[in-house]
Amino acid sequence: MKKLINAPDAVLQDALRGVEAAHGDRVRVSYDPAFIVRLDAPVQGKVGIISGGGSGHEPMHGGYVGPGMLDAACPGEVFTSPTPDQMTEATKAVDGGAGVVHIVKNYTGDVMNFDMAAELGRSEDIEVETVLTNDDVAVEDSLYTAGRRGVGVTVLVEKICGGAAEDHKSLKEVADLGRRVNSAGRSMGMALTPCITPGSGNPSFELGDDEVEIGIGIHGEPGRFREKVGPASQIAERLMTPILEDLPFSEGDRVLAFVNGMGGTPLIELYLMYGEVAKIAGEHGLSIERNLIGNFITSLEMQGCSITLLKLDDEMLRYWDAPVNTPALRWGA
Amino acid sequence: MPVTRDATLDWMKRFAGEMAEHRAELVALDTAIGDGDHGTNMNRGMTKALEKLDGAEQADPGAVLKTVAMALVSSVGGAAGPLYGTLFLQMGGALAGETEVDLPRYAAAWRKGLEGVQARGKAQPGDKTMVDAMTPAVEALEGASDLDSGLQAAVQAAEEGMKATTPLIARKGRASYLGERSKDHQDPGATSTYYLFKTAAEALAG
Amino acid sequence: MKKLINAPDAVLQDALRGVEAAHGDRVRVSYDPAFIVRLDAPVQGKVGIISGGGSGHEPMHGGYVGPGMLDAACPGEVFTSPTPDQMTEATKAVDGGAGVVHIVKNYTGDVMNFDMAAELGRSEDIEVETVLTNDDVAVEDSLYTAGRRGVGVTVLVEKICGGAAEDHKSLKEVADLGRRVNSAGRSMGMALTPCITPGSGNPSFELGDDEVEIGIGIHGEPGRFREKVGPASQIAERLMTPILEDLPFSEGDRVLAFVNGMGGTPLIELYLMYGEVAKIAGEHGLSIERNLIGNFITSLEMQGCSITLLKLDDEMLRYWDAPVNTPALRWGA
Amino acid sequence: MPVTRDATLDWMKRFAGEMAEHRAELVALDTAIGDGDHGTNMNRGMTKALEKLDGAEQADPGAVLKTVAMALVSSVGGAAGPLYGTLFLQMGGALAGETEVDLPRYAAAWRKGLEGVQARGKAQPGDKTMVDAMTPAVEALEGASDLDSGLQAAVQAAEEGMKATTPLIARKGRASYLGERSKDHQDPGATSTYYLFKTAAEALAG
């Protein structure tokens, strides 16, 4: 294993030190418990928004802390969801009296830790609403399983809720909007290579020199099936078809198309993929109103990509376009 | 020989030792059907737990387990943190104020713990989780006639439960995303639970 | 070789189609000759700024086309500098009557192709000034060699010249400022892994499982030496020491610190490296006034990073802070 | 046998064929000390050149070479594009209007081309570039008594010049960044130049 780290156990703390050195003019970094919070938090009267999850998905979530998006982010160890005390402290730090939204990706660990935090947060008279993201169509959904994973749509939920909160929407309005975004979004991902966590030191799965893994998540976990690598047009088809069928998306829908890199994919390939996605969307009569292309929710150095389609309504569009000023997503500011 | 404060402390030290020793094994199991951190998580948590146990005096077995619970909850994260945290929290609650715990009360504490784990994680036996090792072990304790033989039986039941996870298709936790491909792999959490019973028996044996 | 492409020969054209689909509302894409140009070009009375180079370094240069930065970018084939006709056509497309600056990275191919283009451009009554970047301290500089490579500082030159041009500085002023930025900047890079060009299909060099390559460029070319991988703090030292000595940077200098990913490096590692860079800069009494962290000048999927330090003056700072609105770099807009 | 328009066309077709056939070899050489594109670049350029040659009639050897030059300049990029472009542009200029080129004029055209390459790239013999193959080959032509034997000698000189690049430390082009580590590798551009002379001799031999 070769990584730009000092020691496997020190990755999170060392990276947080880098975040503090880089963005100390706009965020405050707490080390124990670990969270990153807007320097001007709590913003009085504004709904606070926090998210969190294992590290290794950067820029998610720490890179999204700032006006127009998250008030705080709680990073866990690499691929390990954070602990309740992180969320509790972050919740307190961002509560400006209007309540706090927890944006939680649907993983057993995340959900349970956030549950415990929400219980604690509530007991201290802070109103907490949880928005669960579970947009990954690669996973079968049923009452008897862990359900679908939260992946790409999480970034969109964070941005759109952030916009609504900045616009002084109420706790319930922000949370409901977040849930609507989640319901209207679908994602699927694939990998050309596995990734290696600092803690394990080994590839997260083995893949032949000519194979791709379809239906992967963002934790280096294997996907639903593997196949011989095909052209980008075929890979786009593999991801788009289940997405389009699942919502379903239909002719005339206005969408946001998000082509996300898993961390190790050259940007030129993501643009190439976007070309294929746009083509397929066009063939299905979708109108792509907005797009996002780049590494926004990653899986360490994994090569591959995910596609997220979000069916837009006017309110989502308005808050997507609203100003945002974070290290990783910035416009209008 | 009843379960005392010292035996409980000894148990936790042994369990921490096993988690350090078997870190790589648990990581490998979790790499196959999860995200490869279970060993690191448990080792980090139990290291922290020993620190906390060293830092203050615990009056009884319940206090020992509650200290461990809080250390795990605030340092493990992932699925294992809340689950083992809840287990020890519930067991600790059941054993608060006790000094010499006999078999019925010990088994009842485990039952409480298991119920907590299931309430938190919603897993049923057969879902390919730690519940598959814990359930038969707790039942073995409940059906035993004395602590020593009960714990021996529990260890054996936990081991069987752990091994029995191998052919299962996971329905909870990260492994469930693999569907059919989760077959033929032993569940990491069931494995750490086996070590938990193994060290409990060792600690009681002295 | 596994890549998100349709065919090795079609990479550039297919990626350009993606760029057009994604950013057609702000740029125009010409396919033959290939260039990406601001939709509102030529901006009358403003100095035009173009750059170009081989593809595979994205977001450089195409991602920097937009108000406040480049007017056009000319992408060559992967790792192959573009041809004179691309630059000539781009030059014509952006000339608003105030002349055009060519920002050229110092590689034999780039220099010769831009030379030919500048000759042609001049002959058509467009005034062209060339700003050559050559900031890579890993390369020995002498009259008898190809000289130092242009690497990280190129991004900074493009941003700062872009700001000055938007402020309606004259051709000479913009070019002189660009040259000043180049003279005040120094860079050095390293790799954990090689990269694979679609055309070759093979790793650009072989590296042991425990080795790093120090002094690499951005074309997958091997570096100056290799050594056993050490902690991030040591790698930062390896890169910072020659940079600091070369200018030299001295106590009290105000700098911009730029930690750049080579394309396949997780962002968490880049932040961790930034923490080390900030520490070393602090020990040398430098004051980091601005920073940039991320994948901005890449080498396909190579894992590794480069560090660039720029000694700032007030004018550079002003134009660095000036609004920019491009797909890859955006603020104040 | 003088160099005619048809022989020049034949030369370019053969050269294009060699560039296609040896693409991988040139890529491998360029991967070792450069960026691994020389074969792809030359193949792309010569494919384009053949297209252009097919697309319009060329009156004489000079016109053929100019057409190739423009195709290379506008499709190759990198170092090779301007260098081979300049070579053929200068040679084409020297042979404009000629129909049957004899040895002195042919050698003079090559000299013009080489001067162009050196003016563009500033490389001296010994810098480990195409100039190392081109220079002795042009000198062989200049010292020859007839075209056939002159081209034979030129091919041999180019081959020797190409091989002699192996021990050199590069001082121009990308390979120069490697310093000492550029030793023990044959220069890709010198290699393509060798093929250029080889096909010239073959074309003249018919």
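Descriptive notes on the structure:
By letter and in written order, the chains are A, B, C and D; residue numbering begins at 1 in each of them.
As a working rule, a residue touches a chain if its C-beta (ideal position, glycine included) is under 8 Å from a C-beta of that chain, and two chains touch if they have at least 3 such contacts.
What you are looking at is a predicted structure, and each value in this text was computed from that prediction instead of being measured.
Greatest Cα centroid separation from subunit C: this falls to B.
One simple way to say how far apart two chains are is to compare their mean CA positions; for subunit A and subunit D this gives 54 Å. Once the centre of each chain is set as its mean CA position, subunit A and subunit B turn out to be 32 Å apart. If you average the Cα atoms of subunit A and of subunit C, the two centres end up 29 Å apart. Annotation for subunit D: no residues touch 2 or more other chains. Touching two or more other chains at once are residues 78 of subunit A.
Interchain contacts link the chains end to end along an open line, per the touch definition above.
Here the touching chains pair up as A-B, A-C, C-D.
Residues 2-7, 11, 14-15, 17-22, 55-56, 58-59, 63, 78, 192-193, 209-212, 229, 231-233, 235, 263-276, 278-279, 288, 291, 293, 295, 298, 300-301, 303-305, 327, 330-333 of subunit A are the ones touching subunit C in the complex.
Taken together, the subunit B residues at the contact with subunit A in this complex read 27-28, 31, 33-37, 40-41, 44, 73-83, 85, 120-121, 171-174, 176-179, 181. Those residues of subunit C lying in contact with subunit D across their complex are 9, 33, 54, 76-85, 107-109, 112-113, 115-116, 138-140, 144-146, 149, 197, 199-200, 202, 204-205, 217, 219-222, 224.
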